[in-house]
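First the structure, in the form of structure tokens, and then the observations on it.
A, B, C and D label the chains in the order they appear, each numbered from 1.
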Amino acid sequence: MSEMKDMIIDVAERMLKENVSKDVVDLLERGDWARGIWALFEESGMFSVAISEVNGGAGGDLEDLLNIVRLTGKYAAPMPYAESTFANFLLENSKQSVVDGIATYSLKKGLILQDGEISGTLPNVRWARFSKYLVAAADSFQGTQIVLIDMKDATIEQSSNIASEPRDAVILDKVKPLSSAVITDEQFFNALSIETAFKIALMTGAIERIFDITVEYSKKREQFGRPIHRFQLVQEHIAQLAGETAIAVSAFNNVCAAIQSKDFLHEIAFARIRIEDAVTTITSSAHQIHAAIGMTHEYPLHQYTRRLWSWRDEGRNSPFWSEYIVDYLLKHDVDLWAYLTKTVGKK
Amino acid sequence: MSEMKDMIIDVAERMLKENVSKDVVDLLERGDWARGIWALFEESGMFSVAISEVNGGAGGDLEDLLNIVRLTGKYAAPMPYAESTFANFLLENSKQSVVDGIATYSLKKGLILQDGEISGTLPNVRWARFSKYLVAAADSFQGTQIVLIDMKDATIEQSSNIASEPRDAVILDKVKPLSSAVITDEQFFNALSIETAFKIALMTGAIERIFDITVEYSKKREQFGRPIHRFQLVQEHIAQLAGETAIAVSAFNNVCAAIQSKDFLHEIAFARIRIEDAVTTITSSAHQIHAAIGMTHEYPLHQYTRRLWSWRDEGRNSPFWSEYIVDYLLKHDVDLWAYLTKTVGKK
Amino acid sequence: MFHLPTVQFTEEQEAFRLEVRNFLQEHVKKGTFTPTVDSWLSGVDPSFSKLIGEKGWIGMTWPKQYGGQERSTLDRYILTEEFLAIGAPVAAHWFADRQTGPLLLRYGTEEQKQFFLPKIAKGECYFAIGLSEPNSGSDLASVRTRAEKVEGGWIVNGQKIWTSNAHVCHYMVALVRTSPFDGKNKHAGLSQLIIDLHAEGVTIVPIKFLSGEYHFNEVFFDNVFVPDNMVVGKIGNGWEQGLAELAFERSGPERILSTFLLLDELVRELKQQRNKEGLKQASKLLARLWGLRNLSIGVAKLLESGNTEDVAIPASLVKAIGTKFEQSIPEIARLLIETYPNLEANRKFDRYMAQSILHAPSFTIRGGTTEILYGMVAKGVVAK
Amino acid sequence: MFHLPTVQFTEEQEAFRLEVRNFLQEHVKKGTFTPTVDSWLSGVDPSFSKLIGEKGWIGMTWPKQYGGQERSTLDRYILTEEFLAIGAPVAAHWFADRQTGPLLLRYGTEEQKQFFLPKIAKGECYFAIGLSEPNSGSDLASVRTRAEKVEGGWIVNGQKIWTSNAHVCHYMVALVRTSPFDGKNKHAGLSQLIIDLHAEGVTIVPIKFLSGEYHFNEVFFDNVFVPDNMVVGKIGNGWEQGLAELAFERSGPERILSTFLLLDELVRELKQQRNKEGLKQASKLLARLWGLRNLSIGVAKLLESGNTEDVAIPASLVKAIGTKFEQSIPEIARLLIETYPNLEANRKFDRYMAQSILHAPSFTIRGGTTEILYGMVAKGVVAK
């Protein structure tokens, strides 16, 4: 964790808290987004966190960036911050120049790069309609390449997820990339795992917020003449929310620590599997405590639960990471306890 | 359901209630069993229920028998009633003469019948040490055979399940069966499914009893100055017990009705899968409500929960029946809703 | 206490089931309706309701003199199952058929029965249920909407909330306070009135659902005049009347099948993939559905035989366990088949998934929360 | 409130882990002990405790002057994990090491510390915990065992129950009433006394566990004299002292790993079968274990840094969620690998399964029921 972390985090949280009201989150449903907070983030250098100084970055690290991403999840900030920063992460890690302005990315199969031209269709590309650049993986004779595409060259079919976030189909027909670079399978897998860390960050943020909203509601709301948090069955829900929130936050923090230590693939696998479990419990308990009011558009809870229900199916999810763990266990003759304590092969 | 059902059931329940106290159930742990209730059952013709009149039976049907088996589960009666009656069921259904006295059975792989002699080992045979006869499935050149063996010819290695019920290994070395008969694969599968119905009956009985014991306890036991059934979290456990008990009882009754209608394989599959689910919830909620006292040998709860934990892993269990359903779905191009409503192929 | 009757459907009942099924499948093919998850609450389609009314499939258990068919409870059960299994848009007439009809048959005046029941049966007259009020939640006795006696009727003032589909309904059966609130007997002084939703002083304000859809409303009453002949049953008896209504309507197929479309699609996709392991997981869901359906049909059979005493507990259990089952389907399905839930997706699995996820939280809230049901069941079994 | 510290173990810590592991594996090979599920409660083996004491592995965080090693909380955490992961019989000295030692270090007199701690550290002196009484259950304030002041000490009369392994212990720290019960302040007037279990007037009666095993006891006190120097802390302060003791001991590896042996055997058998689908199910258990372990280690780290304020809620959460996790392992495992649970089976999977099933119900009862923990957590977060 870099030394600037506490400061950056404080600044980011203050900006988000002051500028992302429920109305701002709702902008998406009217076809707009939070340009104001985007501009503030640009001014305060939030986009250069974790970009190396050579590329004009401010010198923070990935953990700092993931913590800001977590906050954008906590405030459901309707802007492509995670997308733009991860797009630049992909560019940097494949030794290409980073870009300014709104960028998005896709690591799905679907693009083919041949004779210097890219064709294919990518479904559910985040924020495509608002993006200036797309960073994507494309198959080529040289192997997988990370390519940078000018969105002016793409055709877009608009669609959205159940949280009303833009998830558009992007169609490329013989488009020349602005740049491209071959990456190894290992690099590609690393990119997938960092993408998963971004999703874990976003989901952790939303979980934290749901916990706060729900506990607050349980104090204010009365039934049968008492605040509802005094009923045992509500207490059970609160305890379950607290437990899953604590585990999600701690999973996220451990993923960050593992990334710093460069040995993180299994942590990311465990964290993703565990946090998807948490989403089920958290969304269900939070809505049950809120009852009818939580099902209304006017009340803010759904801005976080709908995002969790969307985000948990984005990127590589629980079944993918389960398979990763299983393949590892089947390939290596490891003692389970040594595996869990990271002491495999040590005596 | 035969007309005699209500009468038989009443008589059986009265006898069990009066004669199977906690002390009687405990006999097993001292190497003995309930010879008294066995004799009463013999006197009142409980062993000839569901045996055809040709074979000297009293003319009841399988549903009557299953209901008595359910009651022996409800009272944890420590005698091989289900085993002896099912052994005779196997004999009758393979057109062999039924036997008197204690009999047991095994439908596990392990025996080979060759040149008129049987060899092999069967693990976990119920009540073997007390049995006069063993009815078992043996592989032969003619296919599967149901064989009747005199237990004098067998070597027994005693063992017991976690409910302290005798589950012995039976070793046969070139033993001549008293009788034998070849059965078809279909007949064998039917036998497996009726065996499962017997287990469902036993488990349903134990579940009913656990429910009764636990509700009674929740009324008597006080904490913080109130009977515990007034605490919401105890109410949740009681409601879950009630729900799983209602579903188990109704599953059992539907299995009986299906057996009467001769179209029962899928019912037995569903019932077995569902009741194993119920066992998890029921044993956990009942013990949680009872807290420490339920963990003592002196209190009767464990006589039922330990049986459930044993019986649920006997015979063909949930994974086996899941596979049966899956194979059916994969082999037949059926509409799911038609399958569930038993209207496949009807227009 | 748990020995409910078992039901083996007769040939006539099976034939009726197939008749309904063929009719509905035909109309799906024709495009009369598009199947949706949770269609009994969100599938409002008055023209479909009229079509169903023409078939004699609304109020089908009622006396013929009031437009009914005098068919059995089990026939109605079969009909409802087929509607829900295919996701037919039956929401417009749902509450009138399920609740208002039986209420009027039990407590209504001859005039009310003659006036309302035939219209309901034709699929032309829809009723909303007016129970909840702002902040009342599960505490229904805290009703504040009041009716004051005037010459020839009552003047109603107050507000109902979470009223499903009030915007397409013609009337509401509202629980109102006809005597002042008595802290010692909160259930006294409540009455049921039929309120014309187009009467002067009634304002219906939509409440946007979290998905942006529109199912429920706030309904305001500002000096609304309700004539005496629109009182249901006895003044002051509203609590008992309303309670009876609720208890018997907890155990229908709509507490089991709200997300059946998704389960159906899950099994279809798994079969196409020949995914044996996935199907094994799904088989557990089928066993759960089978267990719930036995219980639910057993309750229907009990009701048909007129035994209402033993119904309350198993009916509450069907709702408590059934709605959790409905909720569990999307959570399990998403781990077995890759999906990205989207309300406008072409792929059915993604679309049903989106509908299921967004509607699911309601299942354990509407019609009595799971927490309230746990308390009712526990009190019931302890009292036996 | 949930941002617990993360821990990356140092090379020294890792070396220590491997030292412990090698030692234990060697002793399993030698036959010093047979691994069992839930060994921290049911694995009583005084000779093994002495062996551990010789290694300096009891009271290892305590000051050297009292026989400790002044090692860190995390070292002790690692040690405990290794004990439980291999199922070592650490029950005899368990409570003395986990609870009595810290209690005496915090509240004990110099004389008590010098007398008891070195013996505990050698693995020669075992303590029982005397909290529960007949019918007290979760309501610990309802303690009735009373101590009356006499010349030079106290006369104790009453009864404790569910006292784990009292039959092998030398002493008990008992919560007793030293002033009459005050309905308005149930927590006042309670004190902690060290009672010699071999003193006159003490009777220990075994309570048979449901499996026929023998872990817990009733302990009767009939005019037992306890000298003044055996009072722990202040007279009347027993509730606070006891509570602190409980809160900090809720989140150890013993709330996560009680059935780890079974999980380990499950994965081993699935790997042998190369059962990919079964392993996928198991991988979810691994992720749950990983999540709990992070939380539990985070709490240990907080305790090490002296921050006890933020510990109570996460510690209760580890216990509430961890014990349910431990219980879930046999229920999931039995569906993945064919088994017939048997305490005497040769096959480890069947044996661990039997041990797990029979012990599992205790996990969510002992040391604070899940229901009590839910209430504590909810009250805690609402108050923040």
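By definition in this document, contacts are C-beta pairs under 8 Å (C-beta built on N, C-alpha and C of every residue); 3 or more make two chains touch, one makes a residue touch a chain.
These numbers come from a predicted model, not from an experiment.
Chain centres here are C-alpha means, and the one lying farthest from subunit B is A.
Set side by side, A-B and A-D show the greater C-beta contact count at A-D.
One inter-chain figure worth recording: subunit A and subunit B are separated by 52 Å, centre to centre, where each centre is the mean of the chain's CA atoms. Averaging Cα coordinates per chain places subunit A and subunit C 39 Å apart. Residue positions of subunit D touching 2 or more other chains: 371, 374.
Along subunit B, residues 231-234, 236, 318-319 each make contact with two or more other chains. Listed in rising order, the residues of subunit A touching subunit C in the complex are 29, 123-124, 159-162, 164, 167, 221-224, 231, 233-234, 280, 283-284, 287-288, 291-292, 294-298, 301-302, 305-306, 309-310, 312-314, 318-319. On subunit C, the positions that touch subunit A within their shared complex are 132, 135, 137-139, 161-162, 207-212, 327, 331, 334-335, 338-344, 354, 357-358, 361-362, 364-366, 369-371, 374.
Against subunit A, in their complex, subunit B makes its touches with residues 231-233, 236.
Interface residues of subunit D, counted against subunit A in their complex, comprise 2-4, 6, 8-9, 14, 17-18, 21-22, 81, 85-86, 260, 263-264, 267-268, 271, 274, 276, 279-280, 283-284, 286-295, 298, 313-314, 317, 320-321, 371, 373-375, 377-379, 381-382. Listed in rising order, the residues of subunit A touching subunit D in the complex are 208, 215, 218-219, 229, 232, 234-236, 238-239, 242-243, 245-247, 249-251, 253-254, 256-257, 261, 267, 269-271, 273-274, 277, 318-319, 321-323, 325-326, 329-330, 336-337, 340-343, 346-347.
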